[in-house]
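Naming follows writing order (A, B, C and D), and every chain is counted from residue 1.
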Amino acid sequence: MNPETYSLIKLTLGVIATFGLYSVLYRENKFYRFWEHVFLGLAGGWALVALWKETLKPSWYDKMAGSIPETGGEGTPGYFVWAILLPIGMMGYMVFNKKHAWMSRIPIGIILGIWSGQQLLNFWRTYSPQFRSSMPTIVPTRWEFMQPAATPENFTDLARHTYISEAIGNLVAVITVLAVLSYFIFSIELKSKFMQGVTKSGRYLLMIGFGAIFGSTVMMRFTLLIDRMYFIWVEWMSQRLLGN
Amino acid sequence: MQYFDTGKYQVLFVLVMVAFILINIFRAQNKDIFIRRIAGLNAIEDAVGRATEMGKPVLMVPGLGALNAISVQALNIFAHITRTAARFASPIRLCCGEAAVFAVAQEVIRDVYQSEGVPERMDGDSVRFVSDRQFAFAAGVSGIMLREQTAATFFMGEFFAESLIFAETANSIGAIQVASSTENTQTPFFIAACDYVLIGEEFYAASAYLTRKPVLVGSLVGQDWGKMLIASLVVLGIAMESSQRKGWIEQMENDPAAKTSMMRLFSPEPPDPATKPVRQKHPEEGEAQ
Amino acid sequence: MATPQKVPGSLNIPREALFAALFVVCSILVFVSIELPNRVSNNSADLYKVLKEIDKTKPVILQSDWTKSTRGESGAQFDALVRILIRERVKIALMSGADPQAPEVAREAIRRIAVETEKVTGQPYKQWEDWVFIGFFPGIEASLQSFSSNLRNALSANKDSDTAGVKRSVMESPVFAGVNRIEDMGAYIIVTASKTSRIAIERLSGKVTMLGLVTGVMGPETYNYYQSGQLSGLAIGLKGAYDMESMMAYGLNTPDGQGVIKVSNAKVTDPIEGYTGEEFINLANGQKYIVPLHGAIILLITAILLGNIETIRQRRRRNG
Amino acid sequence: MIPWSFESGSTQLKIAIFVTLALGFGLFFALMKTPPRLRPKIAATFTFLAGLLYVGIWLWPTAHGREAGDIPANFTEGVAFWLEDTQSQFQNLSNILTSFLLLMGVFSLVRLHATRVSKKQRDWPFSLVLLICVAIMTFIGYWDWLTVMNMKPEELEAMRDVTNQPFAVWMKDLLFDGLLQTMEAAMFSIIAFYILSAAYRAFRVRSVEATILLASAIIVMLGLLGMAENYWSIMIDNMGGLEDPNALVNNLRLEAITQFIRDNLQTPGLRAIDFGVGVGALAMALRLWLSLERGGSTS
């Protein structure tokens, strides 16, 4: 097919689909419903393709059957034990059978067991750097308020020392960690006014962080929209349709 | 490789946490334990009740995450919600984006209806697999919400960018929303758009709060002990770091490899290559590598 | 806390009007091409400095983990990055770890920019000779672990087509001449829209110079690694892409013909040249998108302000 | 000879796979006959064993300085070697099992919509569209895969020119790249609209929490506006920030303010949430691993 025609068809279909999905912003309508079902259908179909092509073939079948390279050289042997996963996986399908539904717990249990084991194994590895960063020094080692501007000569010296302003910042950080942790104590009734205040401030401190996350997400989300607008108005309309 | 030197304390620390949890699970068998109020959870009954009044379905989404503790926990909460819905006879929609979660959901929800004695109320629409692709899932669930005008929606589990699509769509149809995400990056969007939000560990505390089962309540107490252990570690660490820092900087002048106690604890020395045991090699493979 | 208050006679803007305004603002501003004043962030300046001063005899590993859906940010960053690398004639070993679609998107971009650069310099930048695709690694944790212990072993089974179209082990490519370990690489650069940067940093930092180009959402999280020095340079979101493009166009801390320094930075103070002499494309999608981005954010802030004015008005009315 | 394996394509391998499958399905049918009393215990055993490997790696001493081809010096090392080797094989296990289950997900989706079509329920034409799309995408997907897999290198090279692409390849490109991925990008970008409406509604000076949220979001957003940051910086420069890099006024730069929020409030706050979540997940992992709550939590 002519590449020009092909790319016009492809882009036009993409633009129509994009408008179809955008139409839901006004209200749910038949146009949206059509494209939603196309979307779900294509996604479902692709799932079936990717299932074999991207997961089962490379990480299961090829290991089980091994390989003989076409160009000669050493292949990999087939590890036949992998075949056992097929019947175990099939047990999951018993969920549709009321009488034997319990069998689906075997593959599920294996998945959850692996997850749980990894959780125990990785707990320290995941959280210890965070523990470490929660323990800054809160006593200054230099009694100047501000850290002076960095120059190549004083760089390492600056990094080692803690200045008053930095110590204050660290103290704020530590208070934040402890206040937020206290917010997540569930089983102890906090009766003192002070502790109630701490818990409450923990929640407020969290809101600062959440606001900041909201703010920093904005750039990316808007850029994605702008990219779509560029796709519709520049790539499709201006470049393809009007031929600029 | 970190089993020598301070590496041992790492294993010890996690073992202590594990012990806290297990001890409290056994301790809690015959005790009534206080749990603080969690706002979003009290709203569940009201939300389901309102859906019943309006004759509209209750929607639940366990997130897009793989089958792990988070999605299982979400399904635990949904089992409770479904029980309430089954009593009120409101229809439910549970939309999954991960087939393994769908399999568990299917079984859990069927059990709930059976134990309530109304197995006929669960139909093919109740528990659905929508799509395993993030945004196809988002489009599909939005469509279901808008077409069926769900009156109460529950988003609990691992949510990513799609969180705001769900929350705003549900908001536009005036549904009561209770949400929670263990992904910190999504919580702000739920806070901005939903009526009630469970933050962080409140999500894990939810099933203990709702069911008051001794195992769960005990485990929650154990978690609290664990957090207090972390808090004390932090306080101790700050005290030691602050007291040693000045000395460490002076020491660095002579020995650039000097470390404070906390540095040593958190980055133990790799084992000395000299202590490596002598091993024989497999005859043929030693070469081939 | 977010249930809309429906007060009769209020000036609440309906959702549809907000949506329409955003749509219109973004649609119109994609056609407006002006250069907005910009101050380069420290992290972007560091990134540019490292890229320009990289050892040209060593290849870099480029891990590309973005696809069409985040083209706006990652695409602009990737283009700017590859333009610099190709112009500096640094050899690239391309790989992906997050999405099966990522390799194709990246390969297309490299081929496009190679052709574009050849038009200006006359030097081709060929697959297999100058850059090579080393594979898609679905289990990225384990793969990076083996990279870190022995790069040559980890990669020798992976194949790419050579100039004659024959599949050969990537380690035979001229790109990897003299490379055995990860330490022999010039840099490890990761362009990502997800958390894969963290996995790479945890496994490889300290062994090789690491650079990151991440989306705005991943920015705050990744910034910690820049601060701790694990990442030598970092571009965040569209701002990062625009920073790179302006440094390419005007150089960093370098005066132009009139002696005016157009782009400067307080942290990176040495002058670093841009690509001003020849007919290079420097300002691209980063610059094109930054205008509508400003429009959209200003719209957002205006909407929030209007909403608050309305809230305060209502409160006054209720109280008085 | 590597244990548990035969040469690829050999008859022994085929027989071994067949026998393994036969044993597996034998187990399958045996399990169907187990008395209800034993069932929870069987499921719990599988879960426990799957997790035990990782707990073993966690608690068992790691062999130190292992090199390829080493023979373990004693029993402890033997176990450590075995754990290490098994772990690398285990890594994909969850993925593979999940993939087998994915088929079930798609199957149930198709079943739901097929029922709608056959019973002519509400919106059945749309369900029909969905079914057609599943069928076409699956068919084209595999056709394309097989076509490309059987191509010679020079044919692959020639395919970069669209005119040389076989039908299956460009049809897949049209459906996958042109439609599916474009729709994903479209749905992703819809979030921008929702961000606007959510911010408009929620960021009000209504309660303390909402006000805090509003303030910190606005500061961060101003920092994103390159232009605003530029002019703000010029203002600070003019206030003396440029001449004296140590001047206090430099702390009022947007970059400095956002950084202070990020380093001393946002990151520590989120870290504390993560501690809670981590402990919660640890507790949940223990309960799941030891099956302390009954499987699906319903009792």
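Basically, contacts are C-beta pairs under 8 Å (C-beta built on N, C-alpha and C of every residue); 3 or more make two chains touch, one makes a residue touch a chain.
Fair warning: this is a prediction, and the values are worked out from it, not measured in the lab.
Q: When all chain pairs are ranked by how many C-beta pairs they have in contact, which pair ranks first?
A: A-D
Q: Report the chain ID whose CA centroid sits closest to the centroid of the full protein CA set.
A: A
Q: How big is the gap, in whole Å, between where the Cα atoms of chain B centre and where those of chain C centre?
A: 32
Q: Report, in whole Å, the distance between the mean C-alpha point of chain B and the mean C-alpha point of chain D.
A: 15
Q: Report, in whole Å, the distance between the mean C-alpha point of chain A and the mean C-alpha point of chain C.
A: 18
Q: Multi-chain contacts only, two chains or more: what residues does chain A have there?
A: Within chain A, residues 21-22, 24-25, 33, 36, 39-40, 42-44, 46-47, 50, 55, 59, 92, 95, 105, 107-108, 111-112, 115-116, 119-120, 123, 134, 174, 177-178, 181, 184, 206-207, 209-214, 216-219, 222, 224-225, 227 contact more than one other chain.
Q: Can you list every residue of chain B that touches 2 or more other chains, as numbers and ranges?
A: In chain B, residues 11, 14, 17-18, 67, 69, 72, 100, 103-104, 107, 130-133, 135-136, 139, 147, 161, 171, 184-185, 188-189, 191-193, 199-201, 205, 220, 223, 227, 230, 289 touch at least two other chains, as defined above.
Q: At least two partner chains per residue is the criterion; list those residues in chain C.
A: Within chain C, the residues that touch at least two other chains are 1-2, 4, 15, 19, 22-23, 69-71, 167, 216-217, 220, 237, 239, 296-297, 300.
Q: Once you draw an edge for every pair of touching chains, what topology comes out, line, ring, star, complete or other?
A: Basically all the chains touch each other, so complete.
Q: What does chain A use to touch chain C in their complex?
A: Residues 22, 25-26, 50, 54-55, 58-59, 71, 150, 212-213, 216-220, 222-227, 229-230, 232-234 of chain A touch chain C in their complex.
Q: Which chain B residues qualify as touching chain D in the complex?
A: Spelled out, the residues of chain B in touch with chain D are 1-4, 11, 14, 17-18, 21-22, 25, 66-67, 69-70, 72-73, 75-76, 79, 96, 98-100, 102-104, 107-108, 111-112, 115, 124-125, 128-136, 138-139, 147, 161, 164-165, 167-168, 171, 182, 184, 188-189, 191-193, 199-201, 203-205, 207, 213, 215-216, 219-220, 222-223, 226-227, 230, 271, 273, 275-282, 285-289.
Q: Going by the contact rule set out above, which residues of chain D touch chain C in the complex?
A: Contact set of chain D toward chain C: 88, 91-92, 153-154, 156-157, 177, 181-182, 184-185, 188, 192-193, 195-207, 209-210, 214, 218, 221-222, 224-227, 229-231, 233, 245, 255, 262-263, 266-267.
Q: Can you name the residues of chain C that touch chain B in the complex?
A: Interface residues on chain C, with respect to chain B: 1-4, 15, 69, 153, 217, 221.
Q: Under the touch definition given earlier, write down the residues of chain B that touch chain C in their complex.
A: 135, 161, 171-172, 185, 191-195, 289
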